[in-house]
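Multiple structures follow.
Two complexes follow with chain A in common, the first pairing it with chain B and the second with chain C.
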Partner chain A sequence: MLNEKAIDHSSLMARFDPRLKIIGMVLFSVLVAVMERKAAIGFAFLLSITMVFLSGLKFRDVVKGLAPVNSMVIFLWFFLPLSVNGVDIRILGPLTASREGIDLAVLITLKANVMMLMFISFAATTNVMTAGQALACLGLPSKLVHLFFFTYRYIFVIESEFITLRTAMAIRGFVPRTSVHTYRSYAYLVGMLLVRSWDRAERVYRAMICRGFNGTFYSLSGFAMTRKDGVIFGVMCLWMMVMGYVEWVVKAF
Partner chain B sequence: MDDGYGVCGMGGEGILIELRGIGYTYPGRNIPVLDGCDFTLYESERIGLIGSNGSGKTTLFHIMMGLVKPAVGTVEIFGKTMKKEKDFVKARQRIGLLFQDSDDQLFCPTVLEDVAFGPLNMGKNLGEARDIAIRTLNAVGLSGFEDRITTKLSGGEKRIAALAAVLAMEPRVLLLDEPTTGLDEVTKDRLIDILIRLDKPMIIISHEYDFLSKTTKILCSMKQGRISKNGGVHFHHHIHAHVHGDDPHKHE
Partner chain C sequence: MHISEGVLRPEILAGTAFLTAGFVAAGLRRIDEKEIPAMGILSAAFFVASLVHVPAGPVSVHLVLNGLLGIILGIRAFPSILIALFLQALMFQFGGFTSLGANTLNMALPAFVCWLALGWAGKPETGSKTVGLVGFLVGFFSVFLAGVMVGLTLAMNGEAFYPAAKTAVLAHVPVMFIEGVLTSSCLLFIRQVKPEMLAGQAGKKSRW
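And now, the complex of A and B:
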């Protein structure tokens, strides 16, 4: 789903019921988001890394998936130690960082990566059609599901139209400057993109109607819950209880 | 299975599509693009439709499919007069329209899902839809393309996949809107081969006489909002440039 590769259907995660997968992922993310103890987050990491392992992903792909979230997190490492009040640690000359700030940055880094790992294990094993259908099954309004689905499909087409238009501008000598001409040209570009997307949407809709579309999507990978799905989901829930226990009950760690 | 469409409906012997007195004007224009247009497609007819850009060929297809409502005139499909959207919903399942731009048509992530989209909408179950899709892909020479991502196909592969998506619904009539646009010679030949093997009535819009002479038997042209059969044009052989030049090549 992220890198548009065909899904490897042999892994355990790929065969896990997508509805339970989504419920599990959402519960897990909410839980991790409210946790503050590093030990509890460590337990969360164990669960998410197990899920990644069960997805049969290559190490390289996992790292690639984590890269975007960490490129955001890196900014926190610049700002939090310098801006949060607390015990000062001298780093360079008059520059000081606070211990509390560093702690917070560590916590956010850990949480973000743990959540992202869980999301990767979901995204890499669920195709868009199935994910959309599972979301619809879970009660998400069909309009949102369609929006999600078509955004995914046509973002590339719109991008290629954008590149075509930009090239068309460039070959006629357009160089962006800080001028009214530049702003106007960019406004035309965006406007034209909107018009084209509108036309495209109309044509796609017509093409779908021609093939008997009546508002409902069907997925080829239909899902039925089995005992195995229940077991995996049960184990996930149990482990999340352990995480909660470590976070709020025991003080040993 | 009786779907309510007899081969010989009340519209006459073996008439599949009949348009009578169709008039249509593009929004914001004064001159109608279709003006009192009559057209009939009989069983087992293969018609090539030519006409200059903007002469209303695509609009004509869209009127047949009920995507565009004509200002005046009647549309009869399989002997039934189409009045409301509901009439067209049934008719569309039996007429396959191939769009000019395959990106409009291929919207599912993988080829298999896209080809199975029509059969699933027609109420086939997952297993049947999958079987039909695989069978259709094999028939057009795209076996092994099932899990390919539709956006990553080449232009030629997209066109053939879109055709497979249309054929998977097992339509009784095919409407092809400029199917050769943007295709290289090899893919064009492949398309010709597929179309010749199909035993179906069809209408093909194209600007290429060569292509039409190989795939259709009757030529119609659009002029001033009307259609005339064999409108002063006939197929003939002519001499053309030998594009391979001195490069070694084979004639098959």
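And now, the complex of A and C:
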């Protein structure tokens, strides 16, 4: 069952202005995406792990958040050490891998995890609705923001409808197998899900119109930037400059 | 398959993000304010579909539904899929922020192409046999093309990624057939129960 995650508002990151948090996360992600030197990525890691600490996250949640990225990373580890031409090194018996291939795989592993740590520190400390409002403040087209809010709202509706319908099927003795019957039953399940939710969306929209909805969502809590937000953002930017310096200017590493 | 952060080269990230932004902007222009709640339903269904696992022999695969979304939404599938993927990144850390453009393009462009080729079948006067066949083709090719695009994106990253790219394409093969059967039955179901869901976009063919 999907749950709206509870945000712990006591941490420094949770109280950091969401607009600056998004800008910082975006700048950081883009910067790390173009970096190629391990030393610079090491500096990036220091910033992202600091952000994770300031988010007050449990170790278990951080590991859970890193899992999807690393499933892709592991997938690539099966191929890259063998598919890059270069100096062969022996790993186990007749199995060899190229040093360049391992280097590339290590680089990807580091970048992926460093970027994901920063993303986790943002995602775990920002309410999805707040993130939507912050994106609207940052100039995301209003239609896209509305779509974002409605989609987020209906994810939970659709999921609970899905569980209801699946339970109804199970009660009637449906056991999923690899058969056309199974796929057809799932197709009707999806169809029914869409039809029921569609009607519901129409009713909700009419109810909103009745209550004077004019195409704007109002927020009761405005964003207010404080000096502390500025300081955190400034430190982030300074550190990103250090990262850039290590990546492009310093020759020593 | 979501491509995660840190894998693709910056040129590819920038190129795909640029293309996605263009398509999303074009899609947004075709959205009427009144349609947004219904579109939210479809985005949410796309989001939930990837959590629904169906058996495929010894393993299980999750539904994709990008073809179904494409046939109902046309080019509006771009904003719809973008939002669903962004929410998946926020809530489950699937994919990631910088690869959002690539992942949206890989999912939504096949949906749009299927709609361009087969979107006419959404008209109410189309026979049920035709709709069934078109549904299969839409489900099959939207996943096939998505697999090819994931493969191409990885392959553009450099020669070293060729074997991984080929494996990624092959992994989509069982899903194509499942999605074909599923989309076919699902379209027939919708056509019978709520034909106006399909008619919305078929009538707009001239002004995509």
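As a convention for this text, the second predicted complex is superposed on the first by the 207 of 253 C-alpha atoms of A that agree within 3 Å, B and C clash if a C-alpha of one lies under 4 Å from a C-alpha of the other, contacts with A are read in each partner's own complex, and residues count from 1 in each chain.
The rule is short, and it goes like this: a contact is a pair of C-beta atoms (placed from the backbone, for glycine too) under 8 Å apart; a residue touches a chain by one contact, two chains touch by 3 or more.
Remember, predicted model here, so these are calculated numbers, not experimental data.
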Quick one: is A:Met129 in contact with chain B, with chain C, with both, or with neither? Answer first, second, both or neither. first
So, does A:Met13 touch the first partner chain B, the second partner chain C, both, or neither? neither
Just to be sure I read the superposition right, which of the two partners does A:Gly215 touch: chain B = first, chain C = second, or both, or neither? second
Applying the document's definition of touch, where does A:Val204 land relative to chain B and chain C: first, second, both, or neither? both
On chain A, which partner touches more residues: chain B or chain C? C
Would you sort A:Met243 into first (chain B), second (chain C), both or neither based on which partner it touches? neither
Which partner does A:Val157 reach: the first (chain B), the second (chain C), both, or neither? both
Residues on chain A touched by both chain B and chain C 128, 150, 152-154, 157, 200, 204
Taking the touch rule as given, give the residues of chain C at its contact with chain A in the complex, in rising order. 2-7, 10, 13, 24-25, 28, 31, 33-34, 36-45, 47-49, 51-52, 54-57, 63, 65, 68, 79-80, 82-84, 86-87, 89-98, 159-164, 167, 178, 181-186, 189-190, 193-194, 197
Interface residues, chain A side, partner chain B - complex: 4, 6, 127-129, 150, 152-154, 156-157, 200, 203-204, 206-214, 218-220, 222
Spell out the part of chain B that touches chain A in their complex, as residue ranges. 62, 65, 67, 89, 92-93, 95-97, 99, 101, 103-105, 107-110, 112-113, 116-118, 120-122, 126, 129-130, 147-149, 151-152, 165-166, 169
Chain C partner, complex, touching residues on chain A are 2, 5, 25-26, 29-30, 32-34, 65-69, 72-73, 75-76, 78-80, 82-84, 101, 104, 108-116, 119-120, 123, 128, 131, 141, 143-144, 146-155, 157-159, 162, 176-178, 180, 182-184, 186-188, 190-195, 197-198, 200-202, 204-205, 215
